[in-house]
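Just so it is clear, A, B, C and D label the chains in written order, and each chain counts residues from 1 on its own.
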């Protein structure tokens, strides 16, 4: 069993040695350690991957010791993740299919270490893809009138299937603050521009109008401020005057699916931490 | 002598065949032709490079025929450029030296087919670099009080040295509408962000605060709207949470000098056309 | 109906004007023209896209005139393609599924203007994917003993379904000279390295051993010299010391599928020409 | 004073905690720690940056303790570097000037934390650039007859000026095994291709002939096998059929200077380690 610990706390001298000493004493072998200090904020971040020795027996005991000896004195925010249980990922979509095809293909290839209990959509256009990959599909229409009711239905599903995190794979509805608060830094969106350029609707049209020479895509955690959440991953591709808006959209699709899947994989691997609306991405 | 013709006009059937036929009849051999139709605007763009046969004699005659037989009937905007005279390029700088070093190194290496009659600055910090490369340096201080007067001095120099175009190589003053109107699409600026993201002052600080994973630079023609002019060239580089603002600035310097020099070279080679605040960049 | 003409011939003065004049006289409106001169070889290449006027009636007549008035006197190799009939593309695979998933997803999304009459494999591992996308799947085992017989079966299928071109989507068998000669510049392969680096087997292992900082993928036309055919498209991604061979393979998969699909789309759009074992790729 | 420690040794459990505990006990505050395990080779690598507390007094004592308590028992190869003395870097050039201009511009801008005691060349073509930047220039001609003698002169200079490492900034002579053995992993070369593609002479010509769509540059440590040394940094840029060999060379120059300077900066910052002819590059 591989165990990943994520920590952040006020920066102070001796943390690394204290934490690594603790793990060593408690029969853990550190197979990976990376740290970062956010100097302006004076905050220390660390990701450690441990393999426990045969002599190790009790994870709960380890966790309570960690809290007592390290987390409390150092005022740490921390989490511990073991790889013996796959996280559950829900996919929300609307009408564009490229990100859904890509995620489900990767899933079937064994590239994503998750379970996908369902795909949810406000339309039925992509049901055949979920069917084709044999993933349950739920259709919850969404409009101005039924907004509250529809979200209630979503929450029932998310709870029933014990969803750990949500991927918005070109889901064209705004997610409510209520839902976000239940999945803090656990809703990943793909925005089809190089944020903060061209936030909001129709970014390819805006990019075309501005005459940029590079377009991009951004995967980010969803916060209440639209397209303003912590950025996980970005990538770009070149365009020229000879590309039409349709060309932008076609080229962009490839970016979107790659950038979204990279973001999802970093999240699954517990390589992301969020602080001050920014991410620390461990390699 | 190589002759380059740039044309744009309302799109209509038969233009290419009419223009190429005209050139052929008038003893020109087309060694390069590229065209573009801006569909939304219904405008046709063409760049042609010609080598004239020995039997050709009179460029002025060719130009008046071109105007009469083609430009007038097709309502063309056009220009013709020969390579027997180097364009004159003025460089404006303030305190950052990397773009100036880069441009002057390229110039001395024979990479830029221009003359550089002078470097102009509102500070004296970079005088030693102009001296080192043996380029005349003019210091015209610029402040709120002397703005009008200073610009008058600039204009005198630009006129006296018959400057064709201006390169703002990290020149930290806003250029007036008056100066811009005298050099329409002939002032090239480097902005240290991936426009339209982070227009205005301190883009690296803004990029750092937003937590982007990619930073960029943009060379563009200067218009009255700050950082809103037609984009010539853009490039980007990746950054991570581990990079400080100082790292952004250092990495950005390499982008800035490369992106500015590419923009300058495209302009010198007459490979740029401007329409509707966008560029057509011929390859 | 949009008509694309591809031409190459010895370079000589006046070709562009002659060809464009011919098209104009014969009721064609040129909506796109790009040309290239291979200086060392002294060969002229041109791609023209035409929309014919309502007054145009007879394509066969146009073609015979083109041959007579242009192709014969200028010693042109040329081809003409109309978009009223979709080309037929066969996909050959073995055991890796990412390129197949990607191609079939694009196909179902309407991104590839082809018909896919069948997927062929020397294994049955990927049959379920063809099934899932409702594409006929043929299994033709391949080994040292049955090589000649197996290829005969392939040729029967290719002929029966009137296949225009073949995509080797990580097909792990060497294609025979006989098959190649029947599909000259019409078999597209994806090689999982930045050719000519790491030609041959196990390129990711070789790249890992060499300690490169960038890995790549290459789509190319298949010729008798293994991994030596004309390159259509290449792309790369960065790697570091911290990436294992498995990481190279995972990162490479994304490159492979993107680079292969770009190559396939350029081929479908008739934007590729081959000369001297190199490609001209029109934009 | 900032102190950097580089370590590699056989991988074993508890190293990180042992080393960090040692540093903490000896009044060091770890401001940066990164580690890597080369799994196939079973070797552990670590880079630590320390700031010592005011209570710390004796670096020599620290070093002998480190050797005794850590390096000996764990069979470590290690080195310790303080930033109170600038390393001395010699630049070797021949006739191409772009890398020299770039390095000296960066040096004068304060971007490179080194001293540059001299530029050495087998030609006099670039003397004016060294003069212009006020760096001593030594001309040591090199030919088949005087090879041994010339290298002896080089070694005299390298010793006299106490050179720490050498940068071959497009130096077109092969460096002898004798010189390499005196500067192991301390001679940095720039090769104008994406190694291992196009090793040896005239890589741009070879790339042009092969029809690649991407060209690159590689900075690497020099070993006795030509162009086979450990790669520090690589980058690439796209090319098309429309680029001539001259265009390749011009585009390549920008790559070369950027990739060389990145390699040099990584070396200066002690972010590189070499093992099994590969580099570990700490970020």
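Here is the rule we use: a residue touches a chain if its C-beta (ideal position, glycine included) is under 8 Å from a C-beta of that chain, and two chains touch if they have at least 3 such contacts.
Heads up on the chains, UniProt names are A, B, C, D = Formyltetrahydrofolate deformylase.
Just so we're clear, the structure is a prediction, and the values are computed from it rather than from any experiment.
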* Asked: Which chains are shared contacts of chain A and chain B?
  -> C, D
* **Chain at maximum distance from chain A, centres defined as averaged CA atoms** => B
* Structure fact -> Separation of the C-alpha centres, chain A versus chain D, in whole Å, is 37
* Rounded to the nearest whole Å, what is the centre-to-centre distance of chain C and chain D, using the mean of the C-alpha atoms as each centre? -> 42
* **Residues within chain B bordering two or more other chains** => 240, 242, 283
* Contact set on chain B toward chain C in their complex -> 13-14, 16-18, 20-21, 23-24, 29-35, 37, 53, 283
* chain A touches which residues of chain C in the complex? -> 97-98, 101-102, 105, 108-109, 111, 132-133, 240, 242, 250, 253-254, 258, 261, 283
* chain A residues touching chain B - in the complex, by the definition given at the top -> 36, 38-39, 194-198, 210-214, 216, 230-236, 240-242, 244, 277-281
